[in-house]
Amino acid sequence: MKLLPRLGVTAVFAVLAAVLVHAVLNLPEPAVRLGGAVDKALGQSGVSHPVTAVLLNFRGYDTLLETAVLLLALIGVLTASGQVPGSMRRLPSTPHAFLQSLARLVSPLMVLAAGYLLWAGSHRPGGAFQAAAVLAAGIILLYLAGLLPANAASTSSLRAGLLAGFLIFLALAAAPLRNGALLQYPVEMAGALILLIESGLTLSLALTLAGLFLCLPDEFEEEDD
Amino acid sequence: MIDIIPLLILTPLLWASLAFLFGPVWGARQAIAGITLQVVLAVMLAENVSGGALRTHAAGGWEAPLGITLSADGLGATMLLLTQVVALPLAFYAEAYFSRHRDGSDTFWPLAGYLLAGMNALFLSADVFNLYVTLELVGLAAVGLVASGGSAHSVAAALRYLFATLLGSGAYLLGVALLYAAYGTVSLAELTSLVSEAAPTATLLAALLMLTGMAIKTALFPFHFWLPPAHGGAPAPVSALLSALVIKASFYLAVRLWLTLFLPLVTPVSAQLFGVLGAAAICWGSVIALRQTRLKMLIAYSTVAQIGYLFLFFPLATDTAPDAVQSALQGVTLHAFSHGFAKAAMFAAAGAVILSTGHDRIGQLGGISAHMPLTVFTLAIAGVSLMGLPPSAGFLAKWLLIDSAIASGQWWWILVMIAGGLLTAAYVFKVLRHAFLRAEQSVTFRPLPRMAEWPAFLLALASLALGGRATEVLNLLGAP
Amino acid sequence: MTPGLLFALTGIALFACGAAGVILAPHLLRKIISFNVMGSGAFLVLVGLAQRDGGVDAVSQAMVLTGIVVSIAATALALALARRLLNQCGEMRFPAETPDD
Amino acid sequence: MTVLAFDLLLAASLLWSAIRALTAPDPFRAVVMFIVFGLLMALAWARLGAPDLALAEAAIGAGLAGALLFDSVGHLRARSGRRPK
């Protein structure tokens, strides 16, 4: 890009930053305090960790759409790879012996860690997204070590696995509609339902996150220019 | 009785997921069944809110500010109706198109489903952070659809689009952060009651960031650079969806924010700025459209120009008499409708030309009037609506906008609209002139399935016929 | 000065740098990194300002958790497209605008 | 006092690593700096009393995004090594 537009863009953002700093240092006291409302409703949310309560109960609808965004990204990645949905990148020809022993050693620990994070989410920091990220790392490691053969799961069951968490979430979002609102869990069942949703999400999100990595367009696959 | 509002979001989410699970053949059927249901739901919702009623739904049973409120009023219901009614013929068209043209067929249905879910969720959301999530859903789905073209050209177009849309939603998110900091809530209704003329600088900056973000996403001049390659390079059903509907989602959000939470802050100067950019878009887009040699690129630049008319809303509806505001809102809504139908029809017709002849070079369109009369008819009717000739809805839309310009004493926008109409006529006739030439020997025409031509024709016809039924749309819209 | 306000101010600087990078950087990988920096900046502003008087705000934290997931989704999509372009054009930059033939 | 000094140092490091990630001439170095940035972000979230975000940032923001970017740099190198431009 030419020098003048570069300077222009830089100047615009410098001015924006300066004005933002000025605005931020002169903020009024907010009229609404959500903290109190969260604390008051926490008892009916089914969990005792406020962030999880917001994420899966008070603003659970955001999380439902966010899960769709993640699935969407995977479908987009598959589109960009020009692959049939569900297929994954080729394995490295000779998996490293060290990588294999590392994967054998670490992956059970990762499953344990993911399980802990999932369980912890109801009352302390943790939850489906963090657990899924750890599990995804484990899947990627196993795959790169050649310990997870490409044909271990058929394409359709893989896709079912990717969708299961979202579909459970969707079903539990729709179920209360008969006599209530979207995602309105009965108070006494809220804890169990949130755990069910989170368990489904952990598995599906782990597959999705791993898929984002494993389905990236491969090296040396096409020459169509 | 089950509330309609969440069903309009859950239905596309469900069929999009099933389409991913079962593949394109079943996906198409599920999509068509799902969109048919959505049309029914949108009509029912429109009946519910006509007469100025507001319907709300507290997701999770938690009222705002703790929970997320979904709400539908006249404007929202109108946009929902437009979206579903344009999407249904396009679904039939897409099924026919992808049976002939394999590129992008595998992932079209799930991506289109999430796209429609995102748009419905956007039109129904009354929570500025939730709106951010819906914006991302719409943006990423649209980018995925553009990329499904597969060629290096469409991948590059998808990436440009992706960075533009991410920049837009990033600016919007920073605006949300400032609003939350200043007021402690992200509920649109609460924010609207809290923002006053004595708002802090942070609120002004939030307005600047959020409206700029929406201008980028709507491809308002000079942020239009990403639109022509993305809309012109995608498979035809995708181009139709994006040009007819997707740009209107972010425009709707700009209008919504302008009319509610930022209303005490907007000044005639900022409104005139939007108007000037709109006018520049009309002139620039039309002139560049006239110079195109590819049909789909011409239609894409026409979209750049037609977006300009939408932005004339802001100067016409800011600090003007109530009837000028009313006419401006009615005119711009009707313009969104007529452009939605006409542009979907044009892109679908262009796709039919590509399916039949294998190209869309305007210079070699000769012979299509003999081989594909219905498609040429489609292009002509849609062109009439774009030009704004009577009896089309496009005519009525421009009439209302001119009425508003007269009522508010802003005659200069009338000049822009007339100039835009003439330029539109020029590029529409450029296409039609070539269509009626004799066929070149080298071009062969493959016969097409009926569904590759008829949906486009019906969409074009709708843009014409809407001129006669506009009062119903305008009644639904209600007063701003 | 509370940590909230300090990190919000840092976030503003990160947002500005990142946004400028998205526009100006020629290399796609760099644009993607810039987008992530921009997003992190916005997240810091959101949580930082909500906690500017020193408390803990669960709502803004949950929103940012949503935001982090959305940005990894966008990052993966952008990288997939950039790699596709690399495979097709041999470069991870936008090809020069070709006039329509 | 020491806490404030630590926060200031952390904020400065965040800015420094971000700018390095945006300006380092070599893509590999840029990705390394980006991962450093992600880890510093996790630290910042911890300082803001947001352990959920610290975990997510470390696992997703630095970990997964870093892995994606690293893999792409490898892809880029393999590609340009094979067909020098």
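By written order: A, B, C and D. Residues from 1 in each chain.
Throughout what follows, a residue touches a chain if its C-beta (ideal position, glycine included) is under 8 Å from a C-beta of that chain, and two chains touch if they have at least 3 such contacts.
The structure presented is a predicted model; accordingly, all values stated were derived computationally and were not measured.
Chemist: Please identify each chain that touches subunit B as well as subunit C.
Modeler: The shared contacts of subunit B and subunit C, listed by label, come to A.
Chemist: For subunit C and subunit D, what's the span in angstrom between their mean Cα positions?
Modeler: For subunit C versus subunit D, the centre distance works out to 12 Å.
Chemist: Quick one: subunit B and subunit D, Cα centre-to-centre, how many Å?
Modeler: Computed value for the inter-centroid distance: 38 Å.
Chemist: Between subunit A and subunit C, what distance separates the C-alpha centroids? Give it in angstrom.
Modeler: 17
Chemist: Suppose each chain is reduced to the average of its Cα coordinates; what separation in Å results between subunit A and subunit D?
Modeler: 19
Chemist: List, in ascending order, every residue of subunit C touching at least 2 other chains.
Modeler: Residue numbers touching two or more other chains: 8-9, 13, 15, 17-19, 23, 45, 49, 52, 56, 61, 63, 65-66, 68-70, 72-74, 76-77, 79, 81-84, 87-90.
Chemist: Can you tell me which residues of subunit A touch two or more of the remaining chains?
Modeler: As it turns out, subunit A has residues touching two or more other chains at 20, 24, 27, 34, 38, 51, 58-59, 62, 66, 69, 72-73, 76, 80, 82, 129, 209, 212-213, 216, 224-225.
Chemist: When you check subunit D against every other chain, which residues touch at least two of them?
Modeler: 50, 52, 56, 60, 64, 68, 72, 75, 79
Chemist: Which pairs of chains touch each other?
Modeler: Touching chain pairs, listed by label, come out as A-B, A-C, A-D, B-C, C-D.
Chemist: Subunit A touches which residues of subunit D in the complex?
Modeler: So the residues of subunit D in touch with subunit A come to 50-52, 54-56, 59-60, 63-64, 67-68, 71-72, 75, 78-79, 82.
Chemist: Which subunit B residues qualify as touching subunit C in the complex?
Modeler: By the definition above, subunit B touches subunit C via 129, 132-133, 136, 140, 143-144, 147, 151-152, 155-156, 158-160, 162-163, 166-167, 170-171, 173-174, 176-178, 180-181, 184, 186, 292-294, 297.
Chemist: What residues on subunit A touch subunit C, complex-wise?
Modeler: Counting only subunit A, the residues touching subunit C are 1, 6, 9-10, 13-14, 16-17, 20-21, 24, 27, 34-35, 38, 50-51, 53-55, 58-59, 62-63, 66, 69-70, 72-74, 76-77, 80-82, 129, 209, 212-213, 215-217, 221-225.
Chemist: Which subunit C residues qualify as touching subunit D in the complex?
Modeler: 1, 3-4, 6-7, 9-10, 13-14, 17-18, 21, 25, 27, 29-30, 32-34, 36-37, 40, 43-44, 47-48, 51, 56, 61, 64-65, 68-69, 71-72, 75-76, 79, 82-83, 86-87, 90-92
Chemist: Which residues of subunit D touch subunit C in the complex?
Modeler: These residues of subunit D touch subunit C: 4, 7-8, 11, 14-15, 18-19, 21-22, 27, 30-31, 34, 37, 41, 44-45, 47-50, 52-53, 56-57, 60-61, 64-65, 68-69, 72-73, 75-76, 79-80, 83, 85.
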